[in-house]
Structure formats: structure tokens, C-alpha cells
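Down below are the structures I want you to see.
Okay, so chain A shows up in both of these, paired with chain B first and chain C after.
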Partner chain A sequence: MKYAAKRILLLLITMILVSFLAFLAFEIVAGDPAQTMLGTEATPERLEAVRQELGLDRPFIVRYFSWLTGFFSGNLGVSYNYKQPVWQLIAPKVENTLWVCFISFILICIISIPLGIWSYNWTNKIWDFFRTAFNQLCMAVPPFFTGILLSWVFGIVLKFFMPGRFPDLHKDFAGALRHMFFAAVCLSIPRIAMTIRMMRSTVIGEMEKAYVRTAISRGNDRKGVLVGHVLKNSLVPVVTFLGQTMAEIIGGSIVVEQVFGIPGLGRFLVASISNRDYPVVQAIVVILAFWVVIAGTVADLVNQAIDPRLRLGGSK
Partner chain B sequence: MKRKILAAVLVLGMTLGLITGCAGTTSGSTSSGGTADTGSTEKEEAAEEAAPAEEAAPVHADEINIGIAQDLDESLDPHLAVAAGTKEVMFNVFEGLMKATPEGDLIPAVASDVTVSDDGLTYVFTLRPDVKFHNGDTVDVQDVLYSIGRNSGADGSDPLIPALSVISDMQGEGDKVTITLSEPMSEILNYLTLAIIPADYDKQDTEPVGTGPYKFVSRTAQDNFVLERFDDYWGTPASIGKVTFHINEKVDGLIRGLQSGALDLVAHMTSTQTAQLGDDFNIEQGSMNLVQALYLNNKEKPFDDVRVRQALSYAIDKQGIIDLAFDGYGIPLGTSMFPSFSKYYDESLTDYYPHDTAKAKELLKEAGYPDGFEMTITVPSNYQPHVDTAQVIAEQLAEIGVKATIVPVEWATWLSDVYGDRKFQSTITGLTSDNMTARKLLERFRSDASNNFTNYNNPEYDELLAKALASTDDAEQTELYRAMEKHLTENAANVYIQDMADLVAVRKGLEGLTFYPLYVLDVAALHWAE
Partner chain C sequence: MLEIRDLHVKFHTREREAVAGISLTIRDGEILGLVGESGSGKTVTAMSIAGLLPRKQCRLSGEILLGGKDLLHADRSELRKIHGNEIGVVFQEPMSSMDPLMKVGLQVGETLRIHTDNSPEERKKLVLAALDDVELPDPEAIYNKYPHELSGGMQQRAMIAAAIASRPKLLLLDEPTTALDVTVQAQILELLKKLNRTHGISMMFISHNLNVVRKLCKRVAIMQRGELVETGDTEKIFTDPQHPYTQRLISAIPTRTRKEPV
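After this line comes the complex of A and B, so read on.
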């Protein structure tokens, strides 16, 4: 209970802080929303009218607090550019991005954890060299490149999906999922490589510990010890790492969304920043902050389930 | 153990499912149940989804998919929308009393006929009977009075189109609208291409209603924009039933869309981009109808000296830029006018300053810069052609000892600092005329024009403009506009470069692409070959 309260407080503080910083950043950088909206058609009179309409003539702090009170009463405001309620605009984007991240996360989990453990057996073999080299390659290749490659092979040559036309998630769920699957693959490749390396080194470190030696000297076979004891102990750092990965994926999704033409949060954030569409940027930034905190919290909870000792440490 | 891992995955799955579910319900328009409940099982499906091959791309007889790089991310109200990309698409949705033809003429649209009094002060428009709005209502004089009045400031507010404040009175009766001007203005019909929209309709911002051959269906931000043929259109109905514009801000994405069969048409491509397309496409060439130039801040040293501006004009090789950065596509320009406006365009000005570095150096010496100087070129970084041009220019200027530093800025910054506050030395951009008037291109160099971002200040030019605007004789006015162009060239107001080529990739079998002297895409003219 105490833990939950602490977490919720942390979440609130993070969101408020982040939203304030985002607001402040716009105050500092050049570019005026009214000017950006009117473009080369701007006349002093029209600029003035638009500024008034958007409430930009009010001082910074007043604008921030009116945004904040709106936020807490569940009103994210209206987009400067699209003239539509912010939530109506970003809800489908949130959905798309979450699906990409979710599929990508699942891929990371189901591929890298078993492979990480399995690759332990490869120590001191020539194979290990190739494994390391391949792993390095996967980590080094930028997602936009794999993205172009994947969309060419699977989209243009094999026609598994159609680059350039993203199906509506609610009308053609399978089609949209197919589209997002390749984006998720591209997003997860470097992270799978990282997680494998992480998993492997943790397992190796764990296998050298005294309790393993004891277990083996008592006659247990290596595989049994690996699965029965080592795996559980190796998972804690990996879960923490996966929590961070979850938070990072959403950042990486910006690039794959552009390459695969998926209308997601990342692309929308970039466009809204260059349009100076504050209400949209604020909303997305807060969602991302929420996401990062939640990912950390879930990782904590899972770790506590795996290793109850952490729970004692946590409530000290 | 396994159970614990499974539990961990499930916790995450459910969190996600929950959030996705919320996304669905709150937006109101989507069904939420499916996504929320299946959260944790979908992953297996996703993995399998890759396997089955999809059937070949279907041939859409009654449908077209067009790729655009610019989202329609603003008000869709035709009187408030400003972006060229928005107008390009909405050209298919709205019409005015008059409308443009591909040849650059004006023909009656919502009006069937117009008569002008001998003094050029009274215009009487007869409305076409039975012109319908997309919502089914018939256009009446009230709608016309409302639409024009909104732009001319009839209710005493600031006019959306300042030039229209020349309208002193408007009367509507039966099917006739009488417009009285306070002084003659020959371009009035160009301005009256402004969209006729229903009076008393307040959702124009997000659900626009007009009278054009296509009606608005939906807009999904950063994703797509859908139009549908309007069957009650007064004129020849469009051939293609459904039009979907797919948005991808990366041209590479649009190219892949063409290659995969997702897109049928993409405009505004470069020659390097079209070269990547295979035999499935025809490449049609038009022009962008804009004046790309190195715009100089005439108030800023050293560009306040005409000799320095002329030196730059001699030093910069337009054809060299076109060859190097644009594969030879593009028409070199010598003044603020492009060839589509053939009436006003004076080709002889193009080579007024032939490429001549010796002469350029001489002029610099005369002006007191024997060793050249340092300058900055501010370019909007989102617009690659301008960035490329800047790079070639910087190279060319180095030959006369001028060290140009390129400062790439975001579009929003460009608008506020360069265009708004005029805090720049030089910049590269393209200026256009969205209503087919020479006036729009030339008026901005009047000393006190609010959009005179180059700070050009010359009483002689102001006088020519005043005369041209006051003129009621078309031939005389044309001469005056031409004199203004010559003036800009002689005084080297800016270093004029080119009217950029507009390459359009069109899927074979799609016919009817028509170029206008405007930045528009006429979808109604497109049709699939039998």
C-alpha cells in the first residue's frame, strides 16, 4: 500500500515536472505558433487575432496553469493546428504505438531470454566468435536501415504487407498487425542482441558463484542447476533491463514509424513540435512520462515476485 | 519458474491491453472490446501473420491513392487555411464564383455569368441554378454574400484578404449578386475565386463543405485524408469515386509506397527520386510556379549597396545550380515572375547578369569589398531543394572571395525569424502567387508592405506599383508590371535562380494529369484508362 502510494506520487511529480519543462522549452526556443500557422500569409492583424484566439497573449505561467487545471479535469485541450480535441487526435496514435511496442517487447522476451541462456553453453567454442560477431552486427545496424531492408524484402518483393498504406487498426486488424509486426522486428533486433548479451553474462557470472559449485559437487547435473537455480537469480537484472528497454522502445519507435509509415505517437510528436502545436506536444510528453514510470514500476513488481528479498529492501 | 515468467509477461500484456482499451473507448468512435480482451493472445497471431502471402495488389477501378509529404495539419476552412499543401488538395473540394483553368484563364463556376460596368466599378454575377453544397443545400445569394463578406471585412472586422477591402458594397437579389468597388481593380475576378461556403455552418474547420467535384470524407492526422466524388456536382462529374491521400513526411516512404503498389501518384519529386521507380510509372514534368531566389535583406549591410547585390548576381550561375543540384530540370529566372504567367513574363531578363566572376569581383572592389566579405544564408532545413541550392551557391560565392555560411533552421524558426522579424542576411525560398495575379508576386516589394521581408525600399518601385494598381487599362497595367520586373532585375533586389521543375510520378494506366499555373492537383481530371 505504502509502495503504491509512493509510486503514484512519483508518477504525478514526474508528469508535472516533465510537462512544465516541455512548456518551458517552447517558451525558450524560437518559433511562434501563430506565425507557424499563418505561414507566409501572416499579416500583423491576423497574427494578433490568432494569438488572441489561442490565448497566447497571456503570460507564460498563466497559460501553464490553465493547461494544468485542464489536464487534471481530463481536458487535454484543442489542437492549435487541427482544431480538433487533442485526445481524439492522439488516441489512435497511442494505440498504434502501443501495439508496435508490445509486439516488439514480446519478440525481445521470447527470443532473447532462451537464447541468452542457451548461448551460455557456447563458451570457449569457435561458434562463440561468430555469435559475438553477429550480436555486435545486430546492435550496430541502425533501425532505419533494417527498416528499409525489411520493407523492401517483405513489402515490395514478397508483398506480406504494403508499405505506404497503413490499414486502419479497427477495420483491418490483421493487416495492420502484419504491417506493425515488421516495424516491431526492426525495432527489436538491436535490443534482442543487447538482452542476449546481458542475459548471457549474468548467467555466466551466476554459474561461478559458490552455491552453484556446491550444487554441482553434490551431484546435480549442470542443466538442472542452470534451470532450477541460476535462471531465477539471473532474471532480476534482466527484468530491470527489460523495463528500461520498454521505456526506450517508445523512443526508438519514432524512426520505425517514419520508415514504415505507421501513424504513431513518435511521428506525431515530431510534427507537432515543428508546428509548435503545444497542446498536442504537452499531451504526448505526459503520456511518454507516464509510460516510462509505469515501465519501471512493472519491472519492480515483477522483480519482487521473482525475488521476495527485494520486497523487504523496498519497504525499509 | 515458467509460470512466473508467464505471469510477468501477462502483467505487461494486461497493462498494455488496458491502456489500449482506454484509448479505444475514450475516443468514442472506435470499438474497444476487441483490443482490450485479446491483449495477451495477439502476440502469437502477430508472429504467424508474417507467413501467409497476400494476394496481389488489386486494381482499383474506382479508387486512387495519392502520396503527399505535407499533412493537412490546419483548419480546413478554405478562408483560413494557408498552407500550399492544403490548398493543393482542397482545390478539389471548393470553388468560387470564378475558377481557374489549366491555361491560366478564369471561367465562371458557381456563377454562370458576370457582367462588368464600363467604369469597371460594378460587377453583376448571375448564380448558376442548382449548384449544390456537399451537404445537399442549394447555393443561394446569402451564401455568396457571406463567403465574400468574410474575406472583405464586410462586417467591419479586419479583412482576411486585405485587397478585397476595395469592395464598398454588395447586394444580393434573386439569383444576382452585385458587387460595387470603391475604385477599379482589374484583379478582382482572380480574388473572387475564393471558396463559396454555406453561411451559418460552423464546422468548416474540421468538416468542410463546399461545392467542388469532391466532398470531404475524413481526415486522420499524419495518416490519411479521404475525398469522395460528389454526385450532385453541377459540372462534369469526376471519374474516380474515392480518393485517399496518404501522408508520409519522408519522400523515401512515398517512393516505397509507389513501388509496393500502395500509391498511384506522387507529385513534387526530384529527378533522383523518380529514377528509383521502375517501368510501372510515367514521369510527367510541370513546373512548381514559384520564384526560387537567394532573397537578400536589402536593409542589412552589405546588401544595402546595389553594387554588392549585382556582384552576387554575376557570381551566381543559375544554370550551374540547376545542372548540379537538379539534374538539369528547372527554368532559370531573372526576376520575380515565372513563365506560366506568360502575359507578364519577360524572358529577356533571365540573362541580364550572365555568369561573370571578373565583373563580380570588380563590382565588389568598387563597393569597398576588394577581399570579399562573410555572409550567412538561412535556409529552411525541411526543404531539401533549398538546402542543396544553398550549398552550390556557397561554392560559387567562394570564387569571388565571399564566404557564405549556411544556417539551416526549422520551418517555424524560419517563419518567425526570417519572414516575420526579418532577422537574416540572406535566405533561399520559393515565392508563389496562389491566385494567378502578378500583383501577388510583385506587391511584396513595396517599401511598406507587411510581407516585404526583404526590406526592399525604392520609391521608384512604389510609384510604379501605385500606377499599376490604379490602372484600368489591361495593356497599360501589363506594361507597368513588366516595368516593375525590370526594375527588380536592374536593381538586383534579389539573386533570382529558377522556377523549379515539378516531377509527378503517375502509375501507368492513370490518365488526365493536368498542370495549372497554380499549386494544385486536379483529381477530377484524372481517370483510369479502359
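After this line comes the complex of A and C, so read on.
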């Protein structure tokens, strides 16, 4: 368990560093918030009053820490644009985006790991051709295109959901889930294709290893070798890849949410950037950065649970 | 107990046969040595007995009879029943031959899991007994370790424990001590002698080192370029080698060690 504690400590340090950089960047880019709020016509006295009210007269480092503690207690400041607490504005969007990413990640895992192993068996020439072609197709077709296609087929024709009219997650959970499911499918298709291909090539590499011969010499059948030995050994690079996937699907979700009309983080981020609503942008940027480093940490911890040799890594 | 009749193995990618007509018997309860230089076909011979050759990549002919069954022409499911159950194999590199992500105890118990319907508790008891049999200290602790936590010698002992756990009739040892240092090598040889004596397991011991074979095997077969050049009593071959290749092998051993059989 020591290795896990170490990894989590590293995560916390990274999170502090990342948030500090974000805070610093906005300090430089955003300029004086009081000025932004009041406009160019404001009197110096009025500006000074607002600065005091916002706590801008305190030193930089003090303001950073109060912002950071605010981040974890749900106090992210007030939006310039909506004059509402930032957290109240983005919480429902965070929720929607996390659901879409979560569903799509689950789809990626449960489809590509078994198929990756299974596709190892498809080694004759005809299968190879179709598998490769299909795989390339899935990787090449962009999610917005599958998004439009699925909205039309499952939304407009089959009426599984109403494209563009996303139900409130808390009022109609099943409806919202159905809607998000199709968005998640679009998001996951290229990633599933990539993960299958990666899993398959890892399995092919592992099958060459000496321990496979040992496993056969003990009476394992093909399934026993693949599931009992090769699967676990193939998982480490795949988990690392899935960690990156986890980080990347949240980027991909912006487009998909746009196509399906799901009010998510991505859409809100784009809107807030064009409004120069810095407290909102800052909060979303830090949330996204945390998401990326947390995904990496989770992948590392899972890998350490799989492969005991990785547990030594940090201490030596 | 095992009889090889006119075994030929030719890989499609090679011009020459890797094994070119070998006939050999392993008698009940004996340790037979198989000696030859690198590339002479020792491993290929052992792998054909064990049914571990990639059948698509080579052409096999001849017969390998184990208790009347022809292993060379057995189908996969017949072979699976023999693998680990009637024939155990120990390979040269213990580290890479073990599954790095599986606990040692589970690897040692694998043949039992596959070939018997013992309960997990019974199986664990047998595994601990096998670990004890190969003289590993503190079997309970070893059971829960991963291969990389053991030394090379301990790994090879664990591999031997895994190979004998379900009491096969025949153990194929493909240079099991070559990767180990000399003192560990000597200990493993002693262990093999003991297992042969106490459990009556027949063994085929492969080595390129005639001197090692002399310590362990009453009978030895000398192999060169896929063929057997000489087979017989180890001491007799040592004192009176017939074939020029055998003579060369013996004269390659330093004289001091040659004179005193251990």
C-alpha cells in the first residue's frame, strides 16, 4: 500500500502545481477583474472599493490559496457574465459531461478488451482483411459524423431520444441516459477500434513469450493460455492507453455534446471564453487539468495492482 | 517407458533437418543424458517428445511412444491430457519461463488445477508439499511470492516443483542449470537425483556439458547435427569413446575434472 500512498501524494503535488500555473496564467491574461466588471468609465474610488470587496488587495500567494481552498469547498467565485456563483453554473454541466465520458469509457472497456483478445483468433487472410478495413473505418470516421448519423437514425427515425432537446438529468434520468448513451457511442467508436488494435498486437507479442510455452506444457488449452496468462500480461499497456483515453474523451465530448445538444462543460467553456468570463474559464480549465492527472494516476494504480514489478519502481 | 523411433523434424524455413532420424529409449526410472553442442537439435528433440513444437512450421515423422500411445500423431486434446500430467518440462531460463504476474504457488499448482479435481485447499497442501520437496525454505512464504522476488536458483526449484506437482512419469529437463551459477547448479543436480530416487520419476536431462551429465546420468546419448552418434553407459563412454565427436567433447573438458567423477 506504500506505493499507492506515494502515487497519491505525487498526484496531490501535481494538482497543486497545475492549479497554481492556471491561476498564474489567468492573473496575467485576465488583467484587473475590477476593471473588467466595472468597465472603462469607473471612478478610481469605485475601482478601489470593488478590489477590496473581491479581496484583490491581498498578496498574490494569499489569493491563490484562498482560491484553491474555495475550489475544494465549492466556492469558485462569481461569474462576470451571469453574476452567479461559478460552481452553481457549472455543476450540472460537469455532471452531464462526466456521465457521457463515464458511459463511453465503460463501453470502451467492456467491448475492446474481450474483442482484442478474441480478434487474436481471427488470423486467416480474409478475416484479417475485413477486420483491418473495418477497424480503419471506425478510426477514420469522426465522431461528429457518426453523431449526425445516429441522431438521425435513433433520434428522428426511431425516436429513442429527441435530438437537441436534452431532458434534465434529475427529472428524467432514464431519458437523459438514453440521450447520453448515443453520444457516448459516437465518442467511443474510434477509441474502441484503437484499443482493439492495440490489445490485439499486445496479445500477439505476448504469445511469443516463453511463459506461454510453459503454460501449454502444463496442459492449458488455448483459452486457458489466453485468459489465464496472456490476458493479464497484455493489460498493462492497454490500461496506460485507457488512462490516456480517459483524458482524451473529455476533449472529444465537446464536439459530441454539441451534435446531440447536451449542455456539457465543453459548450459552456467555449461560450465563456468568448465572453471573457474568466472565473468560469479558470474553474473549467482546472477541472479538466485535474481530470487528466487523476486519470493518469488511476491508470498507474491499476497497473501496479496488476503488475507487482511496477510497485518497486518508485522506491528504487 | 518412452521410445523414440526414427524421429525426423524439418522446419520449413531450414534447408537441413533439425532432427535427422533419432531412435532412443528412456527406461523406467532412469535419468538419461542428452548431450551435444549448440544447435545440434537437443531442444527440438525434447520439444517433439513434449508435443510443444509449432506443428505448422515443421514436418514431423517417426514415432514417439509413451505407454503404447504415439505422441507424435496425437491430437491436441490427447496431448493436453499428457501435458503436465504424464510429461513435465523444465526449461533453461526459469525467469522467462514463469508467468511474471502469477504467484508462484498458483503456477506450481497449475497442473493440479488442470488435471485433477482437488479442492483448492487440497491443492494448496500438495503445492506446499511440492515446494518442500524441492527444498525451498519456507514454502508458505514462497507460495505467495511473485517470480521476480525469487533468485534464479529458487525460481528453477519452483519450476521443478511445478513440473513434478502432479507426479508425471517423465520429466524433460532442457538445460535446467545452464543459466545458474556453479554452486546452485550442483545443488539442483543433487535435488534431481533425490527426486529420481524418491519418486522414481524418469528424466531426460539435456546439457551441452558432458561433465554435468556424468554426475547425474548412468546412460547418455551424444547428439551432433541432428543425429545420435553414440549412446551408452556414461562411464564407458567417458573411458572409451568410440565416435571422434565424443572424443573431442571429452577432450574439451579440463583434465583435472575429467579424472574425478563426483
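Here is the rule we use: the second predicted complex is superposed on the first by the 237 of 316 C-alpha atoms of A that agree within 3 Å, B and C clash if a C-alpha of one lies under 4 Å from a C-alpha of the other, contacts with A are read in each partner's own complex, and residues count from 1 in each chain.
The working rule: a contact is a pair of C-beta atoms (placed from the backbone, for glycine too) under 8 Å apart; a residue touches a chain by one contact, two chains touch by 3 or more.
Everything quoted here is computed from the prediction, not taken from an experiment.
Participant: So if we stack both complexes on chain A, do chain B and chain C clash, or do they fit?
Facilitator: Result for chain B and chain C: fit.
Participant: Should A:241 be classified as contacting the first partner (chain B), the second (chain C), both, or neither?
Facilitator: neither
Participant: Just checking: does A:102 make contact with chain B only, chain C only, both, or neither of them? Give me first, second, both or neither.
Facilitator: It touches chain B, and chain C stays clear.
Participant: Once the shared chain is lined up, is A:306 touching chain B (first), chain C (second), both, or neither of them?
Facilitator: In the superposition, A:306 contacts both chain B and chain C.
Participant: With the two structures laid over each other on chain A, which partner does A:23 touch: chain B (first), chain C (second), both, or neither?
Facilitator: neither
Participant: Considering only the touch criterion stated at the top, classify A:214 as touching first (chain B), second (chain C), both, or neither.
Facilitator: second
Participant: Residues of chain A touched: more by chain B or chain C?
Facilitator: When the residues of chain A touched by each partner are counted, B comes out ahead.
Participant: Where does A:71 make contact in the superposed view: on chain B (first), on chain C (second), on both, or on neither?
Facilitator: A:71 sits against neither chain B nor chain C.
Participant: For A:232, using the defined touch cut-off, is the partner it touches chain B, chain C, both, or neither? Pick first, second, both or neither.
Facilitator: In the superposition, A:232 touches chain B and chain C alike.
Participant: Does chain B (first) or chain C (second) touch A:120, or do both, or does neither?
Facilitator: A:120 sits against neither chain B nor chain C.
Participant: Please provide the least distance in Å between a C-alpha atom of chain B and a C-alpha atom of chain C in the combined superposition.
Facilitator: 10
Participant: Common interface residues of chain A with chain B and chain C?
Facilitator: Touching chain B and chain C on chain A: residues 232, 306.
Participant: Report the residues of chain A in contact with chain B in the complex, numbered from low to high.
Facilitator: Those in contact with chain B are residues 29-32, 35-47, 49, 81-84, 87-89, 91-95, 98-99, 101-103, 105-107, 109, 113, 148, 151-152, 154-156, 158-166, 169-170, 173-174, 177-178, 180-182, 184, 227-228, 231-232, 235, 239, 246, 258-261, 263, 267-268, 271, 274-277, 294, 298, 301-302, 305-306.
Participant: Can you tell me which positions in chain C touch chain A when the two form their complex?
Facilitator: Against chain A, the touching part of chain C is residues 50, 52, 76, 80-85, 87-89, 91, 93, 96-102, 110-111, 114-115, 146, 148-149, 159, 162.
Participant: Which of the residues in chain A end up touching chain C in this complex?
Facilitator: My answer: residues 209-211, 213-221, 224, 229, 232-233, 306-309.
Participant: Enumerate the contact residues on chain B facing chain A in the complex.
Facilitator: It is residues 1, 4-5, 7-9, 11-13, 15-16, 19-20, 23-24, 26-31, 34-35, 39, 42-43, 45-47, 49-50, 53-54, 56-57, 65, 67, 71, 73-75, 82-83, 158, 160, 162, 205-206, 219-223, 246-250, 252-254, 256-263, 382, 409-413, 415-417, 419-420, 431, 450-451 of chain B that touch chain A.
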